[in-house]
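Once you scroll down, you'll see the structures, which are given as structure tokens.
You will see chain A twice below: alongside chain B first, and alongside chain C after that.
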Partner chain A sequence: MTTGTAFMSDYLEGVRSGVVDAVAASLPKGGPRSSLYDPLAEFLKRAGKSIRPALCIAACRAHGSTAEHALPSAVALELLHNAFLIHDDVEDGSVSRRGSPTMHAEHGVPIAINVGDGLAVLALQPLTQNIGVLGSAMHNRVMAEFGELLRMTVEGQAIELGWRHENVVDLTSVDYLEMVALKTCAYTTIYPLRIGALIGSWGRADLELVTRFGLYLGAAFQITDDLLNLTGTEELYGKEIGGDLAEGKRTLMVAHLLSTTRGTDREFLVDFLDGERKDRSKDEIERVRAMMDVHGSITYAERYTQALSEQAVSAFDQAFGELPDTSDRRFLSEAIEFVVSRNL
Partner chain B sequence: MDNGNSEEVRREAYQAAASAVDRLLERIGDPAPSGLTDLGTATWGRFRAELARVVDVNLDLVRNAFNLYGSMADSAVFPAEDSAGRLSLSPGLAGSEAAGLVWLHNFDETPRAGVALVGSKLSTSQGEPIVDPGWSFSPATVDVPARSAVSVLAKVTVPPDTAGGVYDGTISATGLQGRPIDVRLEVIDLEPVAHETW
Partner chain C sequence: MTTGTAFMSDYLEGVRSGVVDAVAASLPKGGPRSSLYDPLAEFLKRAGKSIRPALCIAACRAHGSTAEHALPSAVALELLHNAFLIHDDVEDGSVSRRGSPTMHAEHGVPIAINVGDGLAVLALQPLTQNIGVLGSAMHNRVMAEFGELLRMTVEGQAIELGWRHENVVDLTSVDYLEMVALKTCAYTTIYPLRIGALIGSWGRADLELVTRFGLYLGAAFQITDDLLNLTGTEELYGKEIGGDLAEGKRTLMVAHLLSTTRGTDREFLVDFLDGERKDRSKDEIERVRAMMDVHGSITYAERYTQALSEQAVSAFDQAFGELPDTSDRRFLSEAIEFVVSRNL
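And then the complex of A and B:
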């Protein structure tokens, strides 16, 4: 049996190659090229982890079905994910993504927004194939899942943008988790797992248990991502280190720091979080980062993630524990350790 | 938020996560699963799931087949002619077959044997053609008794790249008096489900 990391990498690569082929086949061959399909195709080629389609396909196959039944949904998830990334980067003013300039940094904001729209529109195409693969009844259920996924994602993003816009500083970890459940978990873990389990079990799976597992896994994934943004290396992480601080994002570490600083430090922090990215200097960013070390915000977030991963293990056992011991079930199980111990 | 020991952080994380999960589940409001989980082994469950999938997918096929038979029955009872007396072929979907029932009338006292039908090309009023509609007739030839009528199912294969629009043409009958029958095919610009993926 391969080691955990090698197994996960192999599994993800296997899914990724299948999804990449399906995505490539679904791209229009005509124009416009330079302002739409060329930058869109280039963005899709950048190395992503394909965690969302992998979770969808694994949940489907773990229930005994085949990858083909979940593939259209998995492709749609990957296209939507890339659409969200491009729009997120515009909203956040991010400068690098997957080791290269963001779409808007390279092609300008108008083209970036339209390419993001294009990816979202293209995601509808594989979903229409579901009616032939799954029949109209299951197709309708899957479409309802996608509808809820999309709504939660934009609502979660709106909550976070609203916090930044209104400089909300009295946040608890419950506020943070509820935002992350919508903004990240819905489309990264919860609905990929739900859709895969729904298709694979033909409606028999207990989706409430799947949702619990997805939320714990997704929240651990997001906090780890936020930690990497502070402690990782740009070469591996693919995004600028400290970018979240520059953007004024309300991460768990920022929420913790807000709750533990007092006096002038807190005044500085509240003032730092107000305003726009261009108003935050490198020195100020480094000061906030140093405050996090002093107040133990990084350690707090690491412990918090560890607790979430413990809950994910328990939720996994309830949601998938009774299924046969296959490589797909193993992938779902090891996804917990994978998301919290990754360095990219 | 706590900056204390790992046990306190763990407790806080557990409570926060439980609250977030409850809020989310309340919002989703999943229906209970269909109750098959206690019916036996995982293998049996997987078999049931696959069976359900096959039944659901085939239910669509059966539904479509009944719709087709219903249309054919309608055509037999009510010949598919429009107000101008033209035969309408349906459903007009690019990449699929369209069909209509042709009624051949023999007003003579003499029976006509081996009557065959020939379809023309179909074109829009602007002259955009379906050059090869792939006409087929079932049966290929018919005997029409004296002073009676028989029906023939006429089918065309609408090429996949056919643009939406109204296409007109004719069907002629060899060995039977009378003018050609006007035919109309309205192609709707929808992509049909590929049958081979079912």
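And then the complex of A and C:
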């Protein structure tokens, strides 16, 4: 039996190659190259972990079905994920992604927005394939899941953008969790798992239980990602370290800091979060980072993540615990430890 | 019998009220307000002409079916149209739309991109309704039409953005027409008409003939729109006059000017088109505008539009000529004169 990390890497790589092939096959051969399909294909080739397709396919197979039934949905999830990344990077003013410049940093904002739109449009193709693969009735149920996923993602993004736009500073961990449930968990964990379980069980799985597991898993994933943005290395992380602070992003650590600082420190922080990226100097970013150490914001987020992962273990048992002990069920179970202990 | 213009206005208004009601009913009651659904709803309320839903519903009813069968598709077309407008305005750096500031001018680029995404996501809802309204088989055919429409629109936008990004200056009227067929005609005329005819005839209409009519009608529409951008008044037009020149947009008039100017005039024009909006002074914009008069670019485009509208008349006869003489058929027929003679 392989060790935990090797098992997870092998499983992800097994899913990734199938998804990458299917994605590549779905790209148009003609059409505009330099301003659309070349940058789009290059972006897709950058190594992602394919965690979303893997969760979808694992949840499907854990219920005894085959990967083929979930593959079109998994491909659509991967395309939509990449569409969101490109638009998010424009919206956040991010400069690097997966070890390279973001799409808009390389090709300008106009082309980047349109490439993002193009990726979302390409996702319609595998979803249409579902009619043949799953039949009309199940296809319609899957489409309804995708509709919810997309609505929630856009709403979550709107909440976060609104916080920055209006410089909202009275945020609690509950506000943060509600935002992350919509912005990150919906398309990263909850709906990949729901769609996989729906297809794999042919509609018999209790999707509310799946949602709970996805929520804890996804929130743990996002907070870990945000912690790595503060404490990781660019080489492993693929994005600029401290970029979230430069962007004024409301992470759990920032929410914690807002609730614990007082007096001039808090005034400085509120002022720092206001305005635009270009207004935040390196010195100011380092001061906020140091404040987080003083006030224990990093430790707080690490403990919060630990509590989420414990909830995820219990939710996993309820959602998938009674299924046969397969490598797919093992992948879902070990995903919890994987997302919180990863160093990239 | 009402006169041409009054008939068209009445027909459009009749469609518009039904579509506006259906769109309003589809908006979520909850969710983030100030950073998503409030600006989204405000944008939808700005008076558009609803030409796309009207063409869809008219093509459906001209074939003897009822508006109800085409209404969900018409609503989806209107929502997607608004999504495109918001993203296009960001990509083009446009400042006014329908007599008010563009979405990004009012709420910033990040929120504008996300509101555009939100409108596209809302369009999934009426498309899902089509399952109940049309049954699975016809719903699937309609979805395939929407898939093509979206792909073509994104590709057309990519071509135009690529021309600007790479400062392409060897453009002919054929290049222009190919771009407009994808960028404008697909979602403005071709697919609204195709989807309406498909549903109304329950799959019996020859959609290739419909496509030809839509192509000529849509190209005439776009060139007329671009002419109004040079010669109209802001009050009637709803966008800044000369804005296309400020944006460096490759219109038919610019393509004509590129092919007719020589020497220092051409060098100035090529240099003018390069770079960004902020680099183009008012004086330079006026010089290009004057060059168009000298070289007859406006007259050329007006004659080109006239030729397109004559082709549209002939294509209309082939596509819809044998259908009964209803107000719906009349609307489609008079749409040609309407789009080329409008002064708003």
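By our rule, the second predicted complex is superposed on the first by the 344 of 344 C-alpha atoms of A that agree within 3 Å, B and C clash if a C-alpha of one lies under 4 Å from a C-alpha of the other, contacts with A are read in each partner's own complex, and residues count from 1 in each chain.
The rule we apply is simple: a contact is a pair of C-beta atoms (placed from the backbone, for glycine too) under 8 Å apart; a residue touches a chain by one contact, two chains touch by 3 or more.
Note that the coordinates shown come from a computational prediction; the quantities given were computed from them, not determined experimentally.
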item	value
Partner chain(s) touched by A:E310 [first = chain B, second = chain C, both, neither]	first
Which superposed partner A:P32 touches (first chain B, second chain C, both, neither)	second
Partner chain in contact with A:G118 - chain B first, chain C second, else both or neither	second
Partner chain(s) touched by A:R342 [first = chain B, second = chain C, both, neither]	neither
Which of chain B and chain C A:L161 touches, first, second, both or neither	second
Which superposed partner A:R16 touches (first chain B, second chain C, both, neither)	neither
Partner chain(s) touched by A:R250 [first = chain B, second = chain C, both, neither]	neither
Partner chain in contact with A:R52 - chain B first, chain C second, else both or neither	neither
Which of chain B and chain C A:H107 touches, first, second, both or neither	second
Those residues of chain A which chain B touches in one complex and chain C touches in the other	128, 131, 136
Chain C - residues contacting chain A, complex	28, 31-32, 34-36, 87, 90-92, 107-111, 113-115, 117-118, 120-122, 124-125, 128, 131, 136, 140, 143-144, 146-147, 150-151, 154-155, 157-159, 161-162, 164-166
Of chain B, residues touching chain A in the complex	1-3, 6, 9-10, 12-17, 19-21, 23-25, 28, 30, 33-34, 36-37, 42-43, 45-46, 48-50, 52-53, 56-60, 191, 193-195, 197-198
List of chain A residues in touch with chain B within their complex	63-65, 69, 128-129, 131-138, 148, 172-174, 176-178, 180-182, 190, 200-208, 211-212, 215-216, 219, 255-256, 259-260, 295-296, 300, 303-304, 306-308, 310-311, 322-324
